[in-house]
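Labels run A, B, C and D following the written order; every chain starts at residue 1.
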Amino acid sequence: MQNIQQVIDKAVEQAKHTSEGQIASYIPELANVPADITAAAIILNDGQRFVAGDFDYVVTLQSVAKLIVLIGLLEEFGKQKVFSWVKAEPSGDDFASVARLDQFGPKPSNPMLNAGAIALCGHIPGANPTEQINWLKKWTENLFGEQLTINQKVYESERQTGHRNRSLAYLLKANGIIEGDVEDVLEVYFALCSFEANIKQAAYLPMLLANRGLIPHGQRIMSKQTVQQVVAIMATCGLYNESGGHLVRTGMPAKSGVSGLIVSVALGQAGVAVLSPRVNRKGNSMRGELILEYISQHLDWHFAN
Amino acid sequence: MQNIQQVIDKAVEQAKHTSEGQIASYIPELANVPADITAAAIILNDGQRFVAGDFDYVVTLQSVAKLIVLIGLLEEFGKQKVFSWVKAEPSGDDFASVARLDQFGPKPSNPMLNAGAIALCGHIPGANPTEQINWLKKWTENLFGEQLTINQKVYESERQTGHRNRSLAYLLKANGIIEGDVEDVLEVYFALCSFEANIKQAAYLPMLLANRGLIPHGQRIMSKQTVQQVVAIMATCGLYNESGGHLVRTGMPAKSGVSGLIVSVALGQAGVAVLSPRVNRKGNSMRGELILEYISQHLDWHFAN
Amino acid sequence: MQNIQQVIDKAVEQAKHTSEGQIASYIPELANVPADITAAAIILNDGQRFVAGDFDYVVTLQSVAKLIVLIGLLEEFGKQKVFSWVKAEPSGDDFASVARLDQFGPKPSNPMLNAGAIALCGHIPGANPTEQINWLKKWTENLFGEQLTINQKVYESERQTGHRNRSLAYLLKANGIIEGDVEDVLEVYFALCSFEANIKQAAYLPMLLANRGLIPHGQRIMSKQTVQQVVAIMATCGLYNESGGHLVRTGMPAKSGVSGLIVSVALGQAGVAVLSPRVNRKGNSMRGELILEYISQHLDWHFAN
Amino acid sequence: MQNIQQVIDKAVEQAKHTSEGQIASYIPELANVPADITAAAIILNDGQRFVAGDFDYVVTLQSVAKLIVLIGLLEEFGKQKVFSWVKAEPSGDDFASVARLDQFGPKPSNPMLNAGAIALCGHIPGANPTEQINWLKKWTENLFGEQLTINQKVYESERQTGHRNRSLAYLLKANGIIEGDVEDVLEVYFALCSFEANIKQAAYLPMLLANRGLIPHGQRIMSKQTVQQVVAIMATCGLYNESGGHLVRTGMPAKSGVSGLIVSVALGQAGVAVLSPRVNRKGNSMRGELILEYISQHLDWHFAN
């Protein structure tokens, strides 16, 4: 497995040649991250791990965490219910487009967009935000092998500045998609975005998906059906309006977050996590994409290989 | 392989229980097809064939033919060139949306939409439409194992009534995406849509993709890179603004046409073609989708299985 | 002036022949109004009044009240300031379109739309909503000749159900158009919509505009510049995406509200108010429009007469 | 009337201080005009004429000519018919927006937009384009006091490069709004845009409108109803998505063309024509607007004065 280590090292190294993209600053706390950290981690389906670059750096999951609520709800409520709350279509628009929701709603286009994830947060079991956040914590334990913690500074920052998400949430409320209290739903959503991890931790979730829902040599965390549905959604919607180009280039269904994290599934092979906070205007890590493309090509991990 | 025959028979049978959807009538000639023909064909990667229903019925490929120009150009010009002419992003809009092209252009969103395929037709080698149509014929021979013929009645019907496609084409011209004569490009595009086949023939192309570009036990028809790019585009864009739901339900990247044909790739396994002219408002065969979903579930052919 | 009374009586009578349109129900309290009340009032520039139909019925001004904040701010801050907060262009979209604001913003298209009026409410002088609502009350006194009161039931109903307006407001906040607390701004906006009047009272404001800002035989309430700007905005934007048709049909710049009220300016002649709660999908009173068209034709009050 | 001459001289002089805007170049022939010519003409309702600047310069009417087909058809077919072919609503979008037509159609939003004028050209009486163009010539004689000629170079240039207009026209055809041959309709439309005049000639048409359809001290050219409808449409739609701001600033309903010409109606007073080929991104003459604003303020010609 020398080979994988070499590939991941090279991938990180060559990605550093680009300095395109900028740290997301619309959530003030997000801006407090060194622009040039760059890292990658691979966990093979058999449990072997490979890391390169600044792999210890901890960031908030941001939109990567949308996978948590989607998987949890699919497991507990099933496909029928979940897709009565949200569609599963790529939107062709920006990740936080209110225009899209207003024109093509009332149901959000897919659960990888802000509107879709907010709508799903309204369906998390629990009598109040605290119970619902505990449900999310439990699911982070299932999906990352250990419970993730919430970065309180980022959480507060999101709550104070997340006005576009509020706009989406009130539009969902106006259209009857959110039934309960909007601020309660947003509290849960902002907590969701604020879970934090380093990329070694982050690569665990895509590994579970690559391994058809199983812990390496171990128990089942989620059903095969859930894996299929989630991977299909990542394939078509995971990088917003760059999902198509990403799948052509890498063939590894993925989910990105504005913190610069991307988790990606090499089907039957491995989970991959990459990190570099320089994101483009569509919210995707520029270096991260270069690393994934390099890995896919050199390890032949395109899903249609 | 008894099993596959049973599955395909049952799939066709149960699909007949729905009578939703209507024959596309915007091209008058398309409406002259019995509404209730229903058929499916599977060609395994080893060459074995299975058919069910009205498998001999011949229809025009319509948008399924967009794969021909995409594959041909990728093989002859490469990814770099082709993706300088068209993007590879799901659009979130209707297959012939002029609004989408005007707002998100000038490059068409992807080659599975009318705008994208028209743009690509402008780049087919040849000094005139006749030469370019011959280039397409040659590629049908590569991709279907035998040269397909053009249905002249449908071709004439498209030329006379394809005003929305003309609107798209002139917008592409206005934006500098089409460089040559618009009517010449449209002549080629309408010919492309008018190639005809039965589903036994139609299943050959997706089988080639499922088999990584190789004829069963035989020669290479297209490169692995082309296969990967085409399958990724089918996965994200093949059924227009139902591509996401399709991939979740079936996991078999596909391309649909308004004649009611869908070709679908069971990666590593088989090519599948289904036919039923009752299409929904998004241009996809209703029974066809039910058949594909049944096959995927019963043969476990989801790409993330 | 026999003639005017006859015209207004006939106008109301013939309008009753249509039963198109429905009472707006998205604010629950609005639905508690008899569907068939129909009324009209005219105040000539010299102060003479004419009424017909159910002229005593009191309704909330709803969007008609947008004129109050616009006029008040133009008078106190001037054109330069006000049009740095909001544009003055017809939007071509629905009165509460979030899509429009997201695509064509950040500045709202005009002050006759919900987004525009909400943005202006953020600039009303006052340290808190109570002071700002008092400022509005003072301006109702100027513009209606007597202070209007707020319908508390409607006010509460708007606050509880105005989620689409919240969505607009948070989008304005996200884009930096609202600087203060969003809920404070909305409290003022909902109060604004909840001022109530009968049509005799309501016709006073358009009479002031028709009379170039002067009380009949009396003092100046607003400058000629404000009159010109407000009437021009009513002409192009007063009935949302029916403003054009309205101006063609009547030539009397107007402002409508979903309570079924329309106030309209017969330049140099009179103010007109009409009421019928049956509104169409664009939020405009169906009978109200018929009455205005009848009056304009029979009294020759088109501005380009 | 010394005063008017002084105002118009000053208006032209001060407008020359701005050099914003650029000559429209999308029709190649349009670009062959000196960028800095600047002129204004006023014809009072009594026939007196005032000119300033480069008043002899001849330009094509471009979109100003849309008034010709609108007035002619209103006179010959009446309001009912004409507004069954086109709406009369400001669109909020660009003058040649295909997206707008696709989303808000099938009827074009108004006759001042390209789509609307193209649709109307399909209804001009005549067995072929030559007869229809002759109908237009006859109407130029009515509306400008002398027959205008077509600039053949511009006409050819439009025909060769008007691909966006072709896109609009084929979309109208696809939607059943154009019934005849699209290229025939476009031939007429391009001829319409290519009529040419200097501003002394151009000011005649708005003078007719200002004078309620009458030649000074003379015969009626169009009905009062037509005047009212046309002026109302100019007020709401005449400068595309700047119509609102224009009306607020000047109160003189107008129609602009990309050649830099604007004709404007001072109701009850005069017709005004201004010219400066530096147009902004919305297709309106920058200096032209400054001249109109100056004239309106200094002669007190706002319609709500």
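Everything that follows uses one rule, which is that a residue touches a chain if its C-beta (ideal position, glycine included) is under 8 Å from a C-beta of that chain, and two chains touch if they have at least 3 such contacts.
Note that the structure is predicted; figures quoted are calculated from it, not measured.
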| item | value |
| --- | --- |
| Number of hops, chain B to chain C, where each hop joins two touching chains | 2 |
| Geometric centre distance via CA averages, chain D-chain B, whole Å | 46 |
| Distance between chain centroids, defined by C-alpha means - chain A, chain B (Å) | 31 |
| Chain C: positions in contact with at least two other chains | 100 |
| Overall pattern in which the protein chains touch one another (line/ring/star/complete/other) | ring |
| Chains grouped in pairs wherever the two touch, ordered by label | A-B, A-C, B-D, C-D |
| Chain D-touching residues of chain C, taken from the complex the two chains share | 79, 83, 87-93, 100, 104, 109-110, 209, 212, 224, 227-229, 231-233, 235-237, 241-245, 247-248, 251, 253, 265, 267, 302-305 |
| Footprint of chain A on chain C - complex, ascending | 97-103, 163-164, 166-171, 173-174, 182 |
